[in-house]
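Have a look at the structure that comes next, please.
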Amino acid sequence: MIKIALMGAGRIGALHARNIAASDEARIHVVYDTSAAAAQALADRYGATAVDSADRVFEDAQVDAVFICSPTDTHVPFSERAVRSGKAVFCEKPIDLNLESVMSIVALLREYPVPFMTGFHRRFDASTRRIREHVDTGRVGELEFMRVMSRDPGPPPPAYVARSGGIFRDMTIHDLDLCRWLTGREFTRVFARGFNLFDAGTKAEGDFDTATATLWDDKGFSVVLQNSRRSNGGFDQRIEVMGSAASVGMENVPLTQTRLILPDGLKCDALPDHFPQRYGGAYVAQLAEFLSAVKERRQPMTTAVDGVAALQLADACALSAANQTVVGIEPIALSLGVK
Amino acid sequence: MIKIALMGAGRIGALHARNIAASDEARIHVVYDTSAAAAQALADRYGATAVDSADRVFEDAQVDAVFICSPTDTHVPFSERAVRSGKAVFCEKPIDLNLESVMSIVALLREYPVPFMTGFHRRFDASTRRIREHVDTGRVGELEFMRVMSRDPGPPPPAYVARSGGIFRDMTIHDLDLCRWLTGREFTRVFARGFNLFDAGTKAEGDFDTATATLWDDKGFSVVLQNSRRSNGGFDQRIEVMGSAASVGMENVPLTQTRLILPDGLKCDALPDHFPQRYGGAYVAQLAEFLSAVKERRQPMTTAVDGVAALQLADACALSAANQTVVGIEPIALSLGVK
Amino acid sequence: MIKIALMGAGRIGALHARNIAASDEARIHVVYDTSAAAAQALADRYGATAVDSADRVFEDAQVDAVFICSPTDTHVPFSERAVRSGKAVFCEKPIDLNLESVMSIVALLREYPVPFMTGFHRRFDASTRRIREHVDTGRVGELEFMRVMSRDPGPPPPAYVARSGGIFRDMTIHDLDLCRWLTGREFTRVFARGFNLFDAGTKAEGDFDTATATLWDDKGFSVVLQNSRRSNGGFDQRIEVMGSAASVGMENVPLTQTRLILPDGLKCDALPDHFPQRYGGAYVAQLAEFLSAVKERRQPMTTAVDGVAALQLADACALSAANQTVVGIEPIALSLGVK
Amino acid sequence: MIKIALMGAGRIGALHARNIAASDEARIHVVYDTSAAAAQALADRYGATAVDSADRVFEDAQVDAVFICSPTDTHVPFSERAVRSGKAVFCEKPIDLNLESVMSIVALLREYPVPFMTGFHRRFDASTRRIREHVDTGRVGELEFMRVMSRDPGPPPPAYVARSGGIFRDMTIHDLDLCRWLTGREFTRVFARGFNLFDAGTKAEGDFDTATATLWDDKGFSVVLQNSRRSNGGFDQRIEVMGSAASVGMENVPLTQTRLILPDGLKCDALPDHFPQRYGGAYVAQLAEFLSAVKERRQPMTTAVDGVAALQLADACALSAANQTVVGIEPIALSLGVK
C-alpha cells in the first residue's frame, strides 16, 4: 500500500482523499492543513493522522507520496521539499503562476528524479482519451485543425480571480494542455483576445470573462479556443480534431440518456454542473496513473514539463491579448528535449 | 412525355399533380373530379383539360397512365376500366377495404399486364430505403426481430373513421407493408390488440385509437407494432430491424438540425406535422419509380399483390383484436407465387 | 456504521463488497461462502471475518444486515433465517423461481417487519429514474403505451440456462419490474412468444433465446417487450413511455461521448459490454437506498412484494408462450393491498 | 407570372432554372449564354427563347427580372445594364471581387431602386433561419460569441482557384455574411490566418487551402471561423451562437435518419456531397424571397449592401492573413446607414 500525505484538506483535497480511500493500492497516512480542525476531520474520516506542521510530513519516512492540494503559493516550496525528501509528488495545477518558478521544479527533478505529476485531470477523461486513441492510431490521418470550447457555469468570486493569474493561466491552461497532448504538437505562434462581457467583478480585478485564442505550429496546424466564465447549460466542454481521414470530437456528456419527445422537439438531459460532476471518473483514472507511476518508479503521463509547457502557452496568450499582436513561442518542451 | 389522367382533384390529387408538373418525364393531360370546379381549377393550373365524365378519361387514347386519387369506393371500378383500357395505373392506398375486390384486380392484371402501382409511399422515403439497403447487402445479418412505432399527430374526424376500415386497415397497413418489404418475410401468425384511450369519436365509430400487434413467420422472426392516433410531438415514425450482425433503424426526421443548449438540456427541433411534410420526398421518388415502370413496361416496386398482402395482414390484425386470439395467415403472396 | 454479513463471495458478492467498502455508512463484518478460500480472500481484502457456517452469521448479534448473494436455492432459507433473526435483508434477484416460496417470505415479513430489499438494480440507474421522475411529475401526461428493448451481449452457458427458470423469469423479469415501477400500473393480461433463433445450447435446455411479450392493464395501457440473448452492439437497454403530453425514453449509454466524422457517416462510441459496466452506478445507488432503509427502519424502494409481482408476470409470460394464448393475471400486489 | 431572363446556362444557371420552372409565380422567358447551344438547350427544356446577344435581354420590355449566373467578370456590367433598364436583378455571389466595383452597384441602386438580390443562399437554409429566429426572439439572450465551421468536400481545380479571389473572398465570404445576418452585428476588427496543408494546386495559385479568422465588434462580441478546402465526411457546415440565455447551433444534416447499431458503436448516415445536395431547399426559399420582393417592389432580404459588407470583411481577412496583423474595419454598411 502506498502511503500518502495529503497537504490541504479543502474541497479538492477531500475529492482526492475519497478516491485514495476507495483505491486498493493506497491509503491516506497523514493530513496537513493550516486549519487543524479541517486536517483532523479528514484524517478521522479515513483513519489517518492529522499534523499541524508541514515539516512532520516531509520528515516522515513512511510517506511514499505527497498530494499537494494547498494554496497555489505553497505548491513550489512544498514540491521542492517533497522532491528533496525523495517522495513522489502529485501537485495540483498550477504548479505556480510564474514560469521560472515552475522551471526550477523541472530542474530539481533532473537531480532528484522522483515521480512528479501535474494535475491536468482532463487528460484522463474517457472521452478525451478516446480522441487521443483515434489520433494515435492514425484513424484521423494528418492533422489539419482543431477547436476547443470550454465554458464554466458561472464566474468565480473576485477574490478567486485576484489570485488566479487571469483567465488564460487559470482556465485556458487546461485546454492548452489538451491541445498539446491530444495532437503531440508544440505551438509556436498565438493570437489571443480577451473580452469583458458580463462580469463586473472579473473586470474590476483586471481580468477577462471571455477569451479566444488561435495557436498554430510550424507545419500550419492550427487550433481555435473559445472560453467563457459563463455558460447557459452547465459545464460546457467540447473538443474536435480534424484530420485528413476523419474528424474526432467530444460532445458534452449529459447527466442521463433520457430523451423527451415534446411538441416542440426532442429534449435531452441537462449537463453536469461543474468539473467534479463532469470529471469525477477522470480524477479516479488520474489517481490510478499516479499510483502506477509511483509503483513503477517512472514519470507519470502528465509531468512537470507539461506544467511548464502549458503555462508558457498561457503566458503567450495573456501577452497577445494585452498587446493585440501575434506572439511567438519557442517551446520549452522542445528545448528540454522532451517529446 | 407520359400523359397522365388524374382522377380526383382533392388534397392527395393536388399533391401528385404538383410532383407530376415538376417532373421532366410526364405531364398532366386530363383531370376528372365529381366537382367540376375542382377539376377545372387543377387543370387550369397545369395546362390540362378538365372533364366531368370518367368515361372520357378511359376513352382518351392519349392517356398513358391514370392516377386514381378519388374516394376509396371508386378505386376498384376505375382500376378495372383503366386496366382494360391498357393504361398504366397508380392507385392510392387502399385499393379496396375488401380483400376479394383487391384480388379481382390482381386476377385482371394477369390478363392485362399493365404497370400497376399501389400507393405505399413510405417505401420510397430515403431513410426507409436505407434500412432495406442495409438488410439487402447483408450488413444486418440474419434477421431476428423488428419494431415499428407509428403515431399520427391527432385523431381523424369521425366521418373519416367511419369509412376507413378501422385503424388496422387504414393506418397499420402502411407499417405492415414496410414489415414485408424491408425484410422480405411473409408473416404467418398475428396477435393484435386495440384500445380506446382518448378519442370518443373513434370509439363511437367502433374503432380503436391505439393498437398493437405482434406478427411472426415460420422461422420465428417477429415484429411488434405500436400505433396511435395521437402523438405528443408531431408525426412519429420509427422503425428498427435487429439482426445477427447489426441493428438498423430510422429515427424521426426533425424539421431542422438546429440544437439549443438550454439550462435544462439540449433541445432539437420539432418533428414534421404530418405525412405531407415528412414524406414529401417519398412521393417524388414514388412517382419516379412509377414513371420508370411505365416507360419500361414493367411492374413497379409496389404492386397490386403488395396491396393484397398488406390488406390480408391488416384483416388478420383486426380479427385478432376482435377475438383476442392468435390468428393464422396463409400468405396470399406466396400462393400467388410472388416474391 | 452498519455491519454487513455477505452470504456468497462470487462475482456479484464481490461487486456488492466493493461498493460497501467505499460507503461511509457501512462495513463488511463477516463473509460466508461454501468455498472457505473464497470467503477468506474477500474477508481479508476488506478487513472482515470469514466463516464456514451460515449459522454463525445469523447468530452474530453484531450483524445488522445480510446480503444474500449465494445460489438461488439458498435465497429463501437464508432470507427466512435472517428475517427471524431480526436482521435487514438484501436479497439478490430472484428471491426464488417458485411463486409460493417467494410469497412465504412476504408473509413472514408481516410477522417480522425488517427492511427487505429485492435486487432490482435497474430501478436505480440515473436514466431510468429520470423516466420515472417525468412520469411522476405529470410531464408525460396520461400514459398510453410503452416499449422496452433488452438484449444481452450473448447467450449464457447451458448450465446457467438450466437453473435460470427460463428467459422470462431470468431476463424479462427485470423489464417487467421496470414496467410496474415506472408507470405504477398493474398488468392484468399478457400475450408472450418465445423463439429459438440462434443458440442451440439454450434450445437443448428447453428455453428460448428470443422473446416478446405484450402486457396491458384494465385501462388499456399496454407495453411491448422485446428480449434477446444476443446483441450486435454490447448490452442494449432501451425504454420508452408514451403519454398524452410527452414521450420519455432512455437511449443506450455509450462508453464515451466521442464522435467520429467519417466519409460514410457520423460514428458514436460503443456500448458497455454488459450489466456491470452499464449499471455500475445503479448498484451504488441501490446500496445507498438499502442503507437508508436500514437506518430508518423502513421498507426500501424495492420490496419482497415487488419480487412477487415481477415473478407473477414472468410466470404469466412463460405460460402464455407455452400455450400461445392470452393469460389473465390477478395482480398479487393489489390483493396484498400494496401500492 | 414574373418573366425571367437567365444570363448563363451553366451549372448554377440550370439549378435556378429548375426552381423557377417549379414555381407558381414565375417562368423563364429568355436564356442567354455565350454558348448558343447551351442557351438553346435550357430554353427548349423550359419553353423559353434563346438569345445570342445580351442586348436583346435588356431591351426586352417583357423581362421583369434578370438572373445573372454568368462568369464573375460579367456580373457588374450585366447588373448595371439590368438596373438601368429597370429590371429586378438576382446576382450570383460575388457581385465582383473588387470592392469599389460592388460599391458602384450600390450607388447605382440609389438612383434606380429596383429590387436587387445578392445570392447568399445559405441564409435561406431552414436550420440557419431557425438560428436567426432564436436570436431574434431573444431566446439566446445577449450574444457572447460564435463559431463557424465550413469545409468543402475537396479542393477546386487550379483554374477555379486562379479566378476565385482567394479562399476568403470565395469561401469564407458565405460564413462572413452569415455572421452578420444571424447576429445583426458589424465587425470592426479581424485577425486571420491562411495555411497550405494539402493542395499543391491551390498553393501554386498563391491561395490557401485552410484558413481561420477571428472577428470581433466594438462590444466584444467575437466569432471564430474555420475553413478548409477538404473534408473527411462530405460537406461540413456547422454554426453555433452562444448567448447569455442559450446557445443555438446547427449540426450537419445527414442524408437520412438511419442509425446502425454496430459492435463498435452507433453509426449515422453520411453527409451530403456538396452544396447542391445540402442547400437544395435553400435555393428554393431564396427564389421565393426574390419573387416576393419583385412583386412587392421592395429590396429582398439579401441586398447589394450585404454583398459589399461581406466582401469588405473578406478583404480584411485576406489582408490580415497576408500581414499577420489585426486589421481594423469601418463597416460600410453602417456608413451607408443601412441595417
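When the chains are written out, they are named A, B, C and D in that same order, and each has its own residue count from 1.
Simple rule for what comes next: a contact is a pair of C-beta atoms (placed from the backbone, for glycine too) under 8 Å apart; a residue touches a chain by one contact, two chains touch by 3 or more.
Composition by chain, UniProt nomenclature: A, B, C, D = Gfo/Idh/MocA family oxidoreductase.
Predicted model only: the values in this text are computed from it and were never measured.
Undergrad: Chains shared as neighbours by subunit A and subunit B?
TA: C, D
Undergrad: Report which interface contains more C-beta contacts, comparing A-D against C-D.
TA: A-D
Undergrad: Of the other chains, whose C-alpha centre is the longest way from the centre of subunit B?
TA: Chain A.
Undergrad: If you average the CA atoms of subunit A and of subunit D, how far apart do the two points sit, in angstrom?
TA: About 42 Å separates the centre of subunit A from that of subunit D.
Undergrad: Approximately how many whole Å separate the CA-defined centres of subunit B and subunit D?
TA: Centres of subunit B and subunit D (C-alpha means) sit 40 Å apart.
Undergrad: Distance between subunit C and subunit D based on Cα centroids, please, to the nearest Å.
TA: About 58 Å separates the centre of subunit C from that of subunit D.
Undergrad: In subunit B, what residues contact two or more other chains?
TA: 232-233, 236, 246-247, 252, 261-262, 269, in rising order.
Undergrad: What part of subunit A is in contact with subunit C in the complex they form?
TA: Within the complex, subunit A contacts subunit C at residues 21-22, 24, 45, 126-127, 129-131, 134, 139, 246-253, 255-262, 269.
Undergrad: In their shared complex, at which residues does subunit C touch subunit D?
TA: 232-234, 236, 252, 254, 261-271
Undergrad: Hey, which residues of subunit A end up touching subunit D in the complex?
TA: 141-142, 144-145, 147, 149, 151, 191, 193, 195-198, 210, 212, 214, 216, 219-222, 224, 226, 228, 230, 232-233, 236, 242-247, 324-326
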